[in-house]
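There are structures below to look over.
Common to both upcoming complexes is chain A, partnered first by chain B, then by chain C.
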Partner chain A sequence: MSTVSFLKNIRAALISIAGSLAAICIGLLLVAIFLVAVGRNPVETYIGIFTSAFGGSFAITETFVAATPIMLTALAVAIAGWVGLLNVGAEGQLYLGAIGATMIAITIPNAPSWQMIPAMFVVACLFGAVWSGVPAILRAKFGVNETIVTLLLNYVALLLVEFLIHGPWQDPSSSSWPQTMAFSDAAQLPHLFASRVHPGLFIGIVMAVFFAFLIPMTKPGFIIRVIGGNPKAAAYAHLPVVKYIIISMLVSGAIAAIAGFGQVSAIEGRLRSGISPGYGYTGFLVCWLARHNPLAIIIVSIFVGGLLSGADSLQLSTKLPFATVNIMQGTIFLTLLMFENIIQRFSSATVEAKTPEANI
Partner chain B sequence: MNKFIFLAAAFIAWGLQLFYPTVSLAVEQKSQPLKIGFLYVGPIADNGWNYAQELGRQYVEKSLGNKVETIFAENIGENAEAERVMEKMIAQGAKLIFATSFGYLEPVERVAKRHPDIIFMQLSRTTDIKNIGNYFYWQYEPFYLSGIVAGRMTKSNKIGFVASHPIPPIVQSINAFALGAQSVNPKAKVKVVWTNTWVDPPIEVEAAKGLIDTGIDVLAFDQSDSQSIVKTAEDNNVYIIGCYSDVHQFAPKRWLTGACCNWGLFYAKVAQAVINHNWKPGVTHCSLKNDYVKLASFGPAVSPTIKKEIAVAKNKIANETVSIFHGPLKDREGKMRLAKDQKPDLKWLAEMNWFVPGVEGSLSKGNK
Partner chain C sequence: MADPFIVAVLAGAVRSGTAVLYAAAGEVITERSGIINLGLEGIMLVGAVSGIAIASITGSPFIGISAAFVGGGLLGLVHAILSIRFQANQIASGIVLTILGGGLSAFFGIAYVGKQINSFSAVKIPFLGDIPFIGSIFFNHDIMVYGTYILIPLLAFLLYKTKLGLAIRAVGEDPDSASAAGIRVSHVRYFATIFGAALAGMGGAYLSLVYAQGWIENMTAGRGLIAVGLVLFAGWDPLKAMFGAYLFGGAQSLELRLQAIGTDISPYILGMIPYLLIIIVFTIGTIRQRKVNTGSPTALGLPYNPNK
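After this line comes the complex of A and B, so read on.
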């Protein structure tokens, strides 16, 4: 509980970022071989992607827009990870957040925004927490594997959205297209300047910094680390393991739900299918790349957001098919994960809680 | 020191150019070709909807030569992702954007409001925004003709239809298909199964097999991809009616014909209008009359008599001597939908959410 441990935390974040950068370079080299094989100049291609992701104000803000739900879902995965749980259900919790926010937006469409936005926020978080609460209780009380339950609930969440937008919530004026009616202006989150960046980004950053302090420097953080390190020892030491597991999962689901709230309220302005092209799964990946370190999650999610948004240039400028985007992202993620172990050896600092490998 | 100043100046210039791409563009705009962006909802290798769009883009490039330059992006979701990609197309200099799927309207509207100088073409939806043109494709016309073929070919009088989203353009196609079949075979029934997705081969094959199990002997569909369903029909000895692209090669024995798109002619015409500065917003009807939709080639099973019959029917529709939807027309619940002497207009067509008699399968909110 000192600034020393916080600095250690930053050091761990820097090591994991530096290691990731090295891995990314190797991944890019591998992709370059592929690019040469299909007759493209890899340097030009990469400059194109970088410009498309970070060159100019529009590109940067779009990178942040993609990074926002990734950051929030990655944090959600990390929070569950600190107590030793694998939350693969951030995608489903995101959708539940979207459902919760939409429910408020379409049931009280005339409410002023100072009532509307907080109500949407709270209900979104509640819905997300319910979705992660089910596996949490099953895990804490009955020892049911939370990985399977959270994963399967993703599909239930998606079908629930499909049911709502094809059925009770379908906009009668949208020519039978499956979507809800547009939210009123009061139900739409404000944007930063003329961009699509919305407060979700700042919520994500503030949360990450908050947890970067909480986990290494406070008593609850200490308990979380003990539970995550060895739940049996924690129970033996009469620590409230069940309570912490459940609370962590509830918070985890609520944070993932904020991502869904942001997507419907600030980005789409209504609920429709495809509000998340797998952000929850990308968040899971980002969390592991950042090795559950909240500060590293900020950086890695912005990088991955840039990769997603910048990949447009592969199609638009380099004129490569969409499949190339998958090849590039897959290769980079793969090298990152392979380098995970190598990076671990260089980093002695394990300030952040253990990753939940013990439970797999 | 001089070197340093030069580098700094170059760096600042580079930075300015990034943030103000219009500065350098404005100067040479006049002599540049028209840059056209195409937004595809699925992969162009789908042998169906998006492949037909891609052929359209290639036709535009071929027919207008150096007057145009085209860019495209495939697999772009009908969500905020489309907004980002369109913005990037515009940043690259695109002045005309074809949004080639139903669900793009909402993102297109948002981008169009921010860029009143860019022209957008939105499929199958109408809007009040002045820089968005709308085009409707009356796929139901070739579907009516395909229905005649299906009605002639079926022995069991049961025809299957694997349908994507229950939206008016698709409902029109199914109704016209059924009317076509019934015009030559009053006992013909069309069984519809919805997939609620544009493309998902496993679900489509599942739906097709489910229909085949109910005893259908002709299968039609409107999914964006063709290969999986067409091959399933060929493997199960069921006749197949294609959609969007002519893919008779996947069913050399069982292919009958198909309702296809012919986007190239239309897109080239729009591009030429934009180049000539005489483009106007409004609704274009892509129909048999202007050849923007067409019938696919016939398979070996279709007899010369049927082909002749189709040629006659096609001429009547293209010359507008008959209307496929003509009063009195009742839906399958018996409600009068089109009175005698009433002509179907755009609004009537764009709101079609009911089935004609002889179509089986759900069509209601939340159907599955």
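After this line comes the complex of A and C, so read on.
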């Protein structure tokens, strides 16, 4: 790489970071106006969010706990995105992963953890891959738009969870609560650093680093980039487009499923309906803002994880309704999306992976 | 001769389908102009909550519906600014609107949980309502259902027979040529996006003011997405969208009737039927669409950059 292009890249990266920070500030300003309008003190609220997200070791570990499923689902979205597909179904795939892990945990409750955890992991991934496999095959064989199918399957996945926890899997000892029985100790992922941080975080980081090497540096990575950049050209060049599209979607679903496995095994210790407050959708936007760059996904996930966990604990202390978190998230994403165009105009020298355009 | 169960299911199909129909009809107009709005889910929710809020303040469901029209349109304006002015990815913008609309509606909806409101009651249309079978299915409903009987043909007329409709189709098909022919591409797309979202807002208000007669968080339950799916199935045609909406409504109505008469099947399993049906219908629509082009706007989802 020549010095000039290296400097251009640095310049582009700096513009990108500065632009994103400006967008976040404007987003926070808009939310502040909203908070004033509904009679809240925005300064107090923001200080509260910041301290509950990054002030002290407990706060920081909770930020990582929230960042974990976001990072995994964002990576899932990215993998599909590299071959030009929009996987908006990470939420449903997450729930399928939770169902798969739970199935193992409650059918062989007495298994030792060295059998239990790998079995839960594998079945979770399989279930997630089945859930993303349906839109993958419909897309590859019939050209059915995967955006709508993955989104609709999210609702089916939620109903499936409701069915299981109100029906066959409901804990017999607490018949009024729709949830499964608590997992045995062997089925619970270990916590780290005397906090709720669990190995899912490291799976996410390792996978992000792995993909950061795979995509630009290997032959499969090259094929993926060609397919994502121009599927027609890839087909003319006799590249195995269908195979790559299906495999990418299966891997995508499996990775989103790991997020669900982590939520039931390390956080909740059982399956219930509220294990994800929309992590899959947040992951979709995180991936988008990280421009499908796996290393950027790590950083953006931690930032958004902090926002979510901060706003979440704030809701307990100041009685702001949970919906405020979504308003905040939505507004910040909105301003970031607005700035995206401006940033790209200023840093046209960037050599980013092409993000897929909508094709309906 | 007409089995009351079947009549009840079919009449329910019209009622259940109406909310989706408003949204799908709006999305037909929006997508014909080349903009895809996946944020209908959030827009319908905002429509539902603004409808019930204003209706309970003023006591008039008519004003409530108008408020939903405005509320939906405002969110549509946000989508239009993002996707037209800032040329943002329209899918990402749609997801942002879904999250934002979900948050706003849940925030302001808290005050209206369990609140009683004046709703529209069913009015039987003279003569038409007395036709056996057909009468009870189509002509014994509230005024918003009747509204769609007028709205849908009007939209078809607008799209195919007026200058505005031609402009909408032209900018969705080939914005460059449309621009060369003197059509202001951005203006037309702003109009189509805001108007489409305003109709989706009305669809949301139909849910809160008439269908459920109350506010429940996330009460749209995917209907916004279903509307987007139906538009493709309908080949971007308002009249076919009506058929698609009633098909969805039929699945939902059947599900509710089966629950009402008591069945062993879990309500959660029955609840999956409408979603699975739409996936099947969407797949069929795509396969057909690939064989014979049923009118997919060529420039759909692509930002228009006049300076390129």
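In this section, the second predicted complex is superposed on the first by the 302 of 360 C-alpha atoms of A that agree within 3 Å, B and C clash if a C-alpha of one lies under 4 Å from a C-alpha of the other, contacts with A are read in each partner's own complex, and residues count from 1 in each chain.
Rule of thumb we're sticking to: contacts are C-beta pairs under 8 Å (C-beta built on N, C-alpha and C of every residue); 3 or more make two chains touch, one makes a residue touch a chain.
Predicted, not measured: the structure shown is a model, and the values here were computed from it.
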Touched partner set for A:W114, first chain B, second chain C, both or neither: neither
Partner chain in contact with A:F193 - chain B first, chain C second, else both or neither: neither
Partner chain in contact with A:D312 - chain B first, chain C second, else both or neither: first
Contacts of A:R272 with chain B and chain C, given as first, second, both or neither: first
Touched partner set for A:S57, first chain B, second chain C, both or neither: first
Partner, of chain C and chain B, that touches more residues belonging to chain A: C
Which of chain B and chain C A:M338 touches, first, second, both or neither: second
First, second, both or neither for A:S176, with chain B first and chain C second: first
Residues of chain A that lie at the interface with chain B and also at the interface with chain C: 162-163, 166-167, 321-323
Footprint of chain C on chain A - complex, ascending: 38, 86, 88, 138, 142-145, 147-149, 151-156, 159-160, 162-163, 166-167, 278, 281-282, 284-285, 288, 321-331, 333-334, 337-338, 340-342, 355, 357-360
Contact footprint of chain A on chain C as seen in their complex: 31, 36, 38, 78, 81-82, 86-93, 95-107, 110, 221-222, 225-226, 228-229, 232, 266, 268-269, 271-272, 275-276, 278-279, 282-283, 286-287, 290, 296, 300-302
In the complex with chain B, residue positions of chain A that touch it: 51-52, 55-58, 62, 65, 162-163, 166-168, 170, 175-179, 182, 196, 263, 267-270, 272, 274-275, 277, 309, 312-313, 315-317, 319, 321-323
Residues on chain B engaged by chain A in the complex (per definition of touch): 18-19, 21, 37, 43-45, 71-75, 77-81, 83-85, 87-89, 91-92, 102-103, 106, 125, 165-168, 171, 196, 350-351, 353, 365-368
